[in-house]
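After this come two complexes, each holding subunit A, first together with subunit B and then together with subunit C.
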Partner chain A sequence: MDNSRANLLEEAVGISKGGRVVVVEDCVETSGAFVLHHFLKRSLYPDTSDVVIFIAFAHPFSHYERILRKMGCNLTVHRKTHRFVFLDMLTLECPDRNGKETRQDGLLALYGEIEKAVEIYSSLEGSRTITIMIDDISLIEVAANGLSNHVLDFLHYCYTLKAKYGCSFVTLNHEDIYSSANTLPLILQPEYLADVIIKAEPLATGLASDVHGQLTVLNKGSVCDLGDSSSKVRNFHFRVKENIVDYFYPGTQT
Partner chain B sequence: MASSRPRGGSFSRNISSAATTQIPGVKLGPNGTSFLSSGIPDLDQILGGGFTLGSLVMVMEDPEAPHHMLLLRNFMSQGLIHKQTLLYASPERDPRGFLGTLPSPMASKEEKSHERPAEQDANLRIAWQYKKYFGEQNSEGQRGGKAEYCNDFDLRKPLERHFYSGQRVDCISLRDSPNLAPLLERCSTFSAQIAKSDDNITCASRIAIQSLCSPQCDFSDKDWEMLSFIRSLKGMVRSSGAVAVISFPPSLVSPAFLKRWQHLADTLISVKAIPDEDKELAKLLTGYQDMLGLLSVHKVARINTQVPAILEATTFSMKLRKRRALVLECLNQAPVDGSSGSSYGTSGSCSGSSKTGNLDF
Partner chain C sequence: MAETICRALRDGAFEGEHAPALTIKDTIDTPLGSFVFNHILTQLTANILAGKSQARGVVLVALSRPPSFYAELLKDKGFDVSSSSKWLRVLDCYSDPLGWKNKLMERGTVRNPYEETLLKTSLCKNLKELDKVLSSIIELGKEIVEEGKGRFAVAIDSVSEVLRHSSLPSVARILSHLRSHDQVSCIFCLLHVDLHEAKVAATLEYLSTMHADVEPIVQRTNGQRNTSEDLPMVEQSFKIGKFHVRFKRRNGRVRVMREELYVEGSGIKITEVSSEDGFTAQSLVPKVQFNLDLSEKERLDRAKVVLPFEHQGTGKPIQIYDGRKSLNESENEEKQASVEKLQTTEDSGRGEIIYFRDSDDEMPDSDEDPDDDLDI
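Right, the complex of A and B next:
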C-alpha cells in the first residue's frame, strides 16, 4: 500500500535515465526540499553505482545527513565510498571588493570544482550516472550579490556537462520570489530547459495536519518520447513524514 | 481532528519534559536540536519548545506599533537571566539605552504555578480522562527545569542593573556605518567567541537586530547587500550556538525581496497592532478589549528534519495578564447572532458542542 503511494511521484517523473533536468519549485508556505531528498535517496540506491554531487547553499551537511539517515540512506558512508560529493557553499561569499570580476570568479571556481568532480567520476569504469543537485538557486543569486546574469551563465555552464558527460540535474528554486519582469529569466530559463518541473504548493484551503500540500508534476520528456501528451501533468497531494512521503490523489487518503 | 488532538498534545509534552542539559537556558529538542527560550512561555509552547539553536528568526514589524520590541525585550532579558552572551544592534543613536527598557522577571513564581493548573482544569473539562496525566506532568515541569528555562516577565518593572552591567552585552548602532560590513564583522567575531567545538555547545548566545532596513540606516536602499548580510548571518548562526532575531518593517522592503527575506528565515513571525475602535473585530473576537495585538507564526524552523510543522493555529492574540506579563492566546470567536448568514457554521458548531456537553454530563 505504502509502496504504491510512494511511487506516485516516481510514476509521474518517469523512469530514471541519464541526462535529465529536474526543476523543483516551492514557496514560503510549502517547502519543496523533501522532493530533493527523495531524488537524493533514489540516486544513492545500493543497487546502482550512481554518484551525486550536492551543492548546498541552504543547509550544512549535518542537516541532510540526519534527514537521509531517517530515510535509510547513510550519507557519511556514501561520502567515504565516493558516491556522494558534498560541496558546502553555506559561506561562499563572492568578495565584492574588486567589483564584478571577483563575483564571477567565485562561481567560476565552483563550476571548476564541479567539473573536476564530474571528470574524475566519469572516467571510472562502470556505467554510472552523475547527478548534480543544487539547493537552492535563489541563494546563488544572493551569493553573487544579485547579478543574475552570472548565475544564469553558471547554470548554462553546468548544463553543458549534460551533453558532455550525461549528467542529470536536480535544482531547487523558489517560485514566489520571481514576480517582477527583470528577475523572471532566472526561473523561466531553467524551466524551459527542464525535462521535469515539479511544483510544491500549499492547499488553497490552508495548512492541514494530514495533507501538507500539493505537487504538480509536468513531465516534458515523456511527451516527446511517446507522442501522446495526455495526462502528463499530474497533480496530487502529499504528506511528509520523517522516513517517507505519502503521495495520494485528492480525497483518496484513508 | 478531534482524535488527533490528544495525541499531538502528549507528543509535545514529551519533548518539553525532556532532560535539560547542563548549559543554562538550553533545552534539548527532537532531531538533535536544542532550544533557547524566547522569553515568552506561550510562544515557546507554540513553537514546540522555543527558538531552535542555530536558527534565524525574523519578526515582521507592524508599521504603526512597536510590538516587535516586546518580543525583542523578552528575548534579550531571558538571555541576561541565563547569563548568555548578547549582541544587540539597532538604528538608534544610543543602542545601550535598550538595556534600560528590558523587563524584569516576575518575582513570585508561586503565583504562576498556582495559576496554570487552574487554567488546565478549565480547559480539560471534556477530556477528563486525560486530566490526571496532564496535571502531573505539568506541575512537575513547572517545578523542575521549565520554570528556569523560561521566566515570566513583568513588563512594568525594569531589569535590575547588575544583570547587564557585566561585559556580556555588545551594543551596536546601525546608524553610523555606510554599509553592513562593520556589523557583519562584529557578528562574526561575536560568534567566533562562542563557536562550538563539534557538537559541544559550551555557551548559548543571542543576537538581536532591530529594524534592519529602517530608513535611518544608510544601507537601507542596498537590497542585495542586506540580503547577503542575512545569509552570512544565517550561516554564522548555524555553525555556532546562537539564535539571531531580526525584526524588520516589511513595508519598506520591496515585494520581490520580501519573499527572499522570508525564504531566508528559519522561523518567521509577524506582529500586528489592532485598531482601538474596530467594531467589526470587536464583535467577532472575545476579549477584544484586552488585546494588544495579533501575532502570527508563518514558519517554524525545520532544522535536521523535512517534516513541516503544522500548528493548530497560526494567529494568536497578544494580551497582558494583570497588566504585566505578556501572554499569547488562541483567538476565540465570539458566538455570533444568527443575523449574519456567513457565520452559520461557526455558531452552529459552537452551540452544538456545548449542548452535547450538557447532555453527556
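Right, the complex of A and C next:
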C-alpha cells in the first residue's frame, strides 16, 4: 500500500529519460526536504548504477545519513562504493574582503569539483545517470554574499553539464524569501529552465493533524511529448511519517 | 500574426532603413516564448533555404540553450544539419559564458569540457565584453554571406541572459548597432519580462519594429504565485497562450493583432482568435451536470414573459408619478383634471385611485414628523 502511494509523486514526475532539471520549492510552513530525500533514495536504488553528487549547504553528512537509513538506504556504504559523492559546503565562504574575484572563485572551485566528478564517472564503463543535487540554493546565495547573479552563473554552468553528460538536477529552494525585484530572478530563472517544478505548500484551509501539506507538480517535460494524455499538473496531499511519506489525493485518506 | 512576422523578417531591411527587429516576450505564467522563438527560427530557415528571403543565412546567438539543442530542433523539422554551415553559424555563449571551463582546463581540473555538435559553432568565453560579442556576430555573418552585399539574420535566444552580465545601455547599444549594420537583414530575440525591471522591456520595445507578447489566456488577478488554487489554469498556461503582436510602421502607425497559440508536439500552432469569450468561459467553468446557459428558444421565451408589475404602456408613453409636476404636464394640467373627473364617474367599476395633492407646500416624501407639534 505504501508502495503504491509513493508512486503518486513518481507518477507525477514521470519516468526520467536522462538529463532532467527538477526544481523543488518550499516555504517556511512546509519543508520540501523530504522530496529531496525521495529523489536521493530513488537514484540510489540497488538495481541501477546511477551516481549522486550531493552538494550540501544546509546539513552535514550525518544528518542525511540518519534520515536515509530510516528510509532503508545506507549512504555510508554508497559513499564507499562511489555511488554517492558528498560535497560538504557548510563552510564554503567567499570572503568579501578581497573583492569580487575571490567570491566568484569559491563557486568556480566548487563547479570545478562537480565537473571533475562528473567527468570521472561518465568515463567509467556502463550507462548511468549522474544526478546532481543541491540543498539549497538560498544558502549558495548566502555563501556568495547575497550576489544572486553569481549564483545564477553557477547554476548555469551546472546546467551546461546536462547537455554534454546528460546529468539530472534536483535543487531545493525556498520560494517565500524572494519577494523584491532584485532577488526574484533567483526563483524565476531556474523555473524557466526546469523540466519539473515541485512546490510544497501548506494546506489552503490551514493546519491538519493527518495532512502535512500539499505538493503541486508541474511537469513541463511531458508537454513536449506527443500523444501524452496524462495530466501535466498534479496536486496531492502528503503526510510525512517516520520513515516514509504518504501521498494521497485530497479526501482519499481515511 | 505569426505569418506576418515571418514575412516581415523574410523581406528584411529596406534600402535606407534599419533592419526590422522582433522582440518576443513572455513571463513565467506562460513560458512559451522559446516555442515561438524556435517556430520563427525554423520558418526563417525554411525561407532562407527556399531562397525567398533577403537574408542568406542566420547567425544564432545561443545563450539559454546549447547548440546541440538547435541541431536537434533543425533535424526534427527536416533540415539537413550536416550542410548547415552554408546558412547557419552559432555563436555559443551557452557553454562557457564566463570562461570558467577554460580556466578549469588550464588548471588541469577537467580535460575536455566542451560539447561537440554538428553545427558550425564559435565559442564565446567572455560574455561581459559585449563589443567582442558584437564583432564576432558580424564576423560570423560575413562568413555566411562571404563577400559582396548579401545580408544575414541575427537570432538571440535570450536577451535576459545577456542582461544578467551587462548593463541595459550596453545591450541597447549592441542591438541598435546590429540593426543599423548594412549587412544585417533582420533581428529577433527573446526576453523573459519578469526577470527584469519594467524599463528593460520598454527599452527593447523602442528598439524593435515588432513585438510579440505571449500572455496567459486568463490573467491572474491577484498576482499571486500560488498555484495550488487554480490548477486547471496553470495546466492550461503551459499549452495555450494569447499571442499579441504589435507592428510599428515607418510612419509611426501601430497595428495590433491578437491570436492564440497552442503547443502541439514539439512545435506550436498559431490560430486566429475564434470566439475568445466562449472559449475562456468554456475552459473556466467546471464541467457540471446541469445547464448554465440558455438555448436560443429559451432566450426568446424569456424575453416574452410579461412581468406582473411592469408598466404595460400599450402604445402610450409611460408616466410614472414622482410627486412633482413636470414641465409639460403643468400646461395640460387643468384640461386633464376635468377630463379625469369625467372619466372616473363613467368607469366607476374599474377601481382606481385618484390622488390630488393638497398644495405645493407639501413635500413629496418629507422626513419631517407631521405630528411633531403635538402636545400630549
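Operating definition for what follows: the second predicted complex is superposed on the first by the 250 of 254 C-alpha atoms of A that agree within 3 Å, B and C clash if a C-alpha of one lies under 4 Å from a C-alpha of the other, contacts with A are read in each partner's own complex, and residues count from 1 in each chain.
Quick note on the criterion: a contact is a pair of C-beta atoms (placed from the backbone, for glycine too) under 8 Å apart; a residue touches a chain by one contact, two chains touch by 3 or more.
For clarity, every value in this text was computed on a predicted model and none was experimentally measured.
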Overlaying on subunit A: subunit B and subunit C, fit or clash? fit
Could you work out the angle between subunit B and subunit C as seen from subunit A, using CA centres and rounding to the nearest 10 degrees? 110
Tell me which partner A:K80 touches in the superposition: subunit B (first), subunit C (second), both or neither. neither
Please indicate which partner A:K116 is in contact with in the superposed arrangement: first for subunit B, second for subunit C, both, or neither. second
Kindly classify A:L218 by the partners it touches after superposition: subunit B alone (first), subunit C alone (second), both, or neither? second
Would you sort A:L152 into first (subunit B), second (subunit C), both or neither based on which partner it touches? second
Touching partner for A:H63 - first (subunit B), second (subunit C), both, neither: first
Rounded to the nearest angstrom, what is the minimum C-alpha distance from subunit B to subunit C in the superposition? 15
So subunit A touches subunit B in one structure and subunit C in the other; where do those two contact lists coincide? none
Show which residues of subunit A lie in contact with subunit B when the two form their complex. 28-31, 33-34, 37, 59-60, 62-63, 66-67, 90-91, 93, 138-139, 142-143, 145-146, 174, 176-180, 183, 207-210, 212, 240-242
Listed in rising order, subunit A residues that touch subunit C in their complex are 104, 108, 111-113, 115-116, 119, 149, 152-153, 156-157, 160, 163-164, 175, 181, 184-185, 188-189, 191-193, 199, 201, 204, 214, 216, 218, 220, 223-224, 226, 231-233, 235
Taking the touch rule as given, give the residues of subunit C at its contact with subunit A in the complex, in rising order. 28, 31, 64, 66, 68-69, 94-98, 100-101, 103-104, 107, 109-111, 113-115, 160-161, 164-165, 192, 194-195, 197, 225-229, 231, 234-235, 238-239, 263, 265-266
Which of the residues in subunit B come into contact with subunit A in the complex? 1, 4, 8, 31-32, 223-225, 227-228, 231-232, 235-236, 238-239, 255-256, 259-260, 262-263, 268, 298-299, 302-308, 310-311, 314
